[in-house]
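Each of the two complexes below includes chain A, the first together with chain B, the second together with chain C.
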Partner chain A sequence: MSSPFSINGGACVAMVGKDCVAIACDLRLGLQALTVSNNFPKIFQYGDNVFLGLTGLATDLSTVSDLFRYKVNMYRLREERNIAPKTFANLPFICGFDSIGCIDFAADFIVSGTATDQLYGMCESLWEPNLAPEDLFETISQALMSAVDRDALSGWGAYVYIIEKDKVTKRLLKGRQD
Partner chain B sequence: MAMFSQNPLMNGPNYSFSDAPKTSAPEGSREHRFDPYTDNGGSTLAIAGADFAIMAGDTRLTSGYSINSRHHPKVFKIGGTTADQHDATIVLSVVGFAADGEALKERLDSICKMYRYRHGKPMSVKACAQRLSTILYQKRFFPYYAYAILGGLDEAGKGAVYSYDPVGSYEREQCRAGGAAASLIMPFLDNQVNFKNQYVPGSGEGHALQERERRPLSRNEVEILVKDAFDGAVERHIEVGDGLQMMVITSNGVEEILLPLKKD
Partner chain C sequence: MEVLLGITGRDFTLIAASKAAMRGATILKASDDKTRQLNKHTLMAFMGEAGDTVQFAEYIQANAQLYSMRNETDLSPSALAHFVRGELASSLRSRKPYNVNLLLGGVDPITHKPSLYWLDYLAALAPLPYAAHGYAQYYCLSILDKHHHPDISLEQGIKLLTLCIDELKRRLPVDFKGMVVKAVTKDGIVDIEFDDDKVVKSA
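Up next, the complex of A and B:
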């Protein structure tokens, strides 16, 4: 329980669909068993279609997300263009990182947070290749909601982003408040 | 991170009790210890239907990173008249420490056989469930390290599933996953058996949405769910794999099905 990774709790998941990707997070911020906030999003936007989901120690989420914002802004000023490389802009793409930066390139889904086991179980059984944006939304939402309902440290609602070539849709899911 | 925190003695990445961090003895002193338990991995699953129940478990037996056996069943028929259990009506699944699971099975089976001899009728699942709880609690201070699930048909002929913790707390449920991959399978069951987080489209906004009504699943649907649940667990958990053993309990008796799982 005293591991920095599970003090505040939280869950993130990303999935690949057909010409789209989805990324979702829960909204809980806790101190061990005590819930401090039910409005603590864990997904950060760094470009038109570049999103980063972070889980772990809340103070480090702020630090890391701010550091990325700084680096991305510096990149934009220096290069005079957005960070999203052309290859990535037209190619739906997800990847995961561990806490020391090892990259996990996945063709299907990425999970992180205290509900990792539950998310793997859900994604492995619900996900299928080439889901259309609306189907991908339903799949990632069902996976996240059912997973966080079996993890005491995650939950209290969720945000889901569906990223398509020309648009990004953000939806709020009202989950169980317990 | 608490990756496999099913294990009650530790809360961290672990594969065997012998890997548990040992508190080192002071300089010059000798420490004696007794490690009576091993975690043999594996996973079990039970789902109750309207007029049937399905008990399932993988057949891999591990200790640490080793695979000791690819076919070691953890789902057993209980309380038949003979050793081959051809007329049994109750099924027990055990996961955790295989030796304790086996011992628990033998004990419950002989108690069921004695009951039949004394009363001239087979034990009901309800009675057997209560008796199993008592057996487990009798060893409250040196427990059977086993997560048990008991399945059968109740007095009304409906599917019944009872799940236990190692010291005998029990509850009748619609479905339950146990063992190493319980945390992977259980949310899937909530979603696909009890339709949790599923709502009727357009029936309201936010918390006013109407829940999708539950309906009894057919035997075929449940068999597919069990296979899907285990295929997912095998993919992401190293202690689960090799074979899937399913016991289907109906009014006609118990049917056993063996299916292959990935062996990697």
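Up next, the complex of A and C:
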């Protein structure tokens, strides 16, 4: 229980759909079994269509997200344009990193956090190729909600982002508050 | 067994800290003030390893005051909270990290919005409507979950705080010698008279 990865808890998931991607996180911040906050988002935006979801030790989420914000801001000032690599420009694209920087390019979905096992199970059974934005929203939401209900260290609501070519939709899922 | 409590309301933030300064099983002082004022409308309460606490708090206090003098403007509670987190986070990965838990309460000088920040020794930062540190979390958070409302007045806030402190007196195995209570409002920080001699009967 005292592994840094499971002190604060949390869950993130991302999925690919047809001409869209989705990314979602839970909202819990805990200290072992005690819930300290039920409004602690774990997804950060770095451009019009660039999102980063982080799980693990809460202090490192803040440190890493703040450092990336600084670096992206410096990039934007230096280059006088938004950070929009070719890969991000048109292609719906998701990838994951583990804590030592090993990159995981996935064609279907990425999961992370203390509810990893549950999320893999839900994603394996619910996800299918070429989901339209609304269907992708339903799929990722059901996957995340079902997964965090089986993890004591995650849950207490969720944010879901649906990223399309021309727009981003953010929705709050209330979820179980117990 | 140190107690730190914070409650926000409509136009104030209440901060309370236990008065006992302990070393092992001994109470060295029964009138300890575990708070430091950072600027006109920001107050920080701290608990943790003896020595680290006051050293870190006064380092933050000095830097907040230096900023106010240099720029003739105070940092907002949010800015201060993130500054404190940065200092604590870099200390965490140093040879000798500070072992300090903090509550930072304030009222924004421009918007007059009250705020409360919870920071633990790992430098995890969470903005909260009400917060506690130490064993007090296990007794008080559930009381606050049930009775807190973001729109409460200062009087209601003090009542709610009394409810929490009564429960701590009833359930904590050691005497924490009462509480220092301070309120941050748009007009600054005021000491709140708090009756420490009230006896709470156990079941």
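In this section, the second predicted complex is superposed on the first by the 176 of 178 C-alpha atoms of A that agree within 3 Å, B and C clash if a C-alpha of one lies under 4 Å from a C-alpha of the other, contacts with A are read in each partner's own complex, and residues count from 1 in each chain.
We adopt the following convention: a residue touches a chain if its C-beta (ideal position, glycine included) is under 8 Å from a C-beta of that chain, and two chains touch if they have at least 3 such contacts.
Since the structure is predicted, the reported quantities are computational estimates derived from the model, not experimental observations.
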TODO: May I ask you to decide whether A:Ser6 touches chain B, chain C, both, or neither, giving the answer as first, second, both or neither?
DONE: first
- [ ] Would you sort A:Ser37 into first (chain B), second (chain C), both or neither based on which partner it touches?
- [x] second
- [ ] Quick one: classify A:Lys174 as touching chain B (first), chain C (second), both or neither.
- [x] first
Task: Partner chain in contact with A:Gln142 - chain B first, chain C second, else both or neither - done: first
Task: Which of chain B and chain C A:Thr63 touches, first, second, both or neither - done: second
Open item on the list: Looking at A:Arg150 after the superposition, I want to know if it touches chain B, chain C, both of them or none. Which is it: first, second, both, neither?
Closed with: first
Task: Residue contacts with chain A in the superposition, chain B compared against chain C - done: B
- [ ] Could you say whether A:Gly121 touches chain B, chain C, both of them, or neither, answering first, second, both or neither?
- [x] first
- [ ] For A:Tyr75, select first, second, both or neither according to whether it touches chain B, chain C, the two together, or no partner.
- [x] neither
Open item on the list: Per the definitions at the top, what is the overlap between the chain A residues touching chain B and those touching chain C?
Closed with: none
Open item on the list: Looking at the complex, which residues from chain A come into contact with chain C?
Closed with: 7-8, 29, 31, 34, 36-37, 39-40, 57-59, 62-63
Open item on the list: Using the touch definition from the top, list the residues of chain A that touch chain B in their complex.
Closed with: 1, 3, 5-6, 116-118, 120-122, 124-126, 141-142, 145-147, 149-150, 174-175
Task: chain B residues within the chain A interface of the complex - done: 1-3, 11, 181, 183-188, 190-191, 196-198, 206-207, 228-229, 231-233, 235-236
Task: Residue ranges of chain C in contact with chain A within the complex - done: 85, 89, 92, 118, 120, 122-128, 131, 137-138, 141
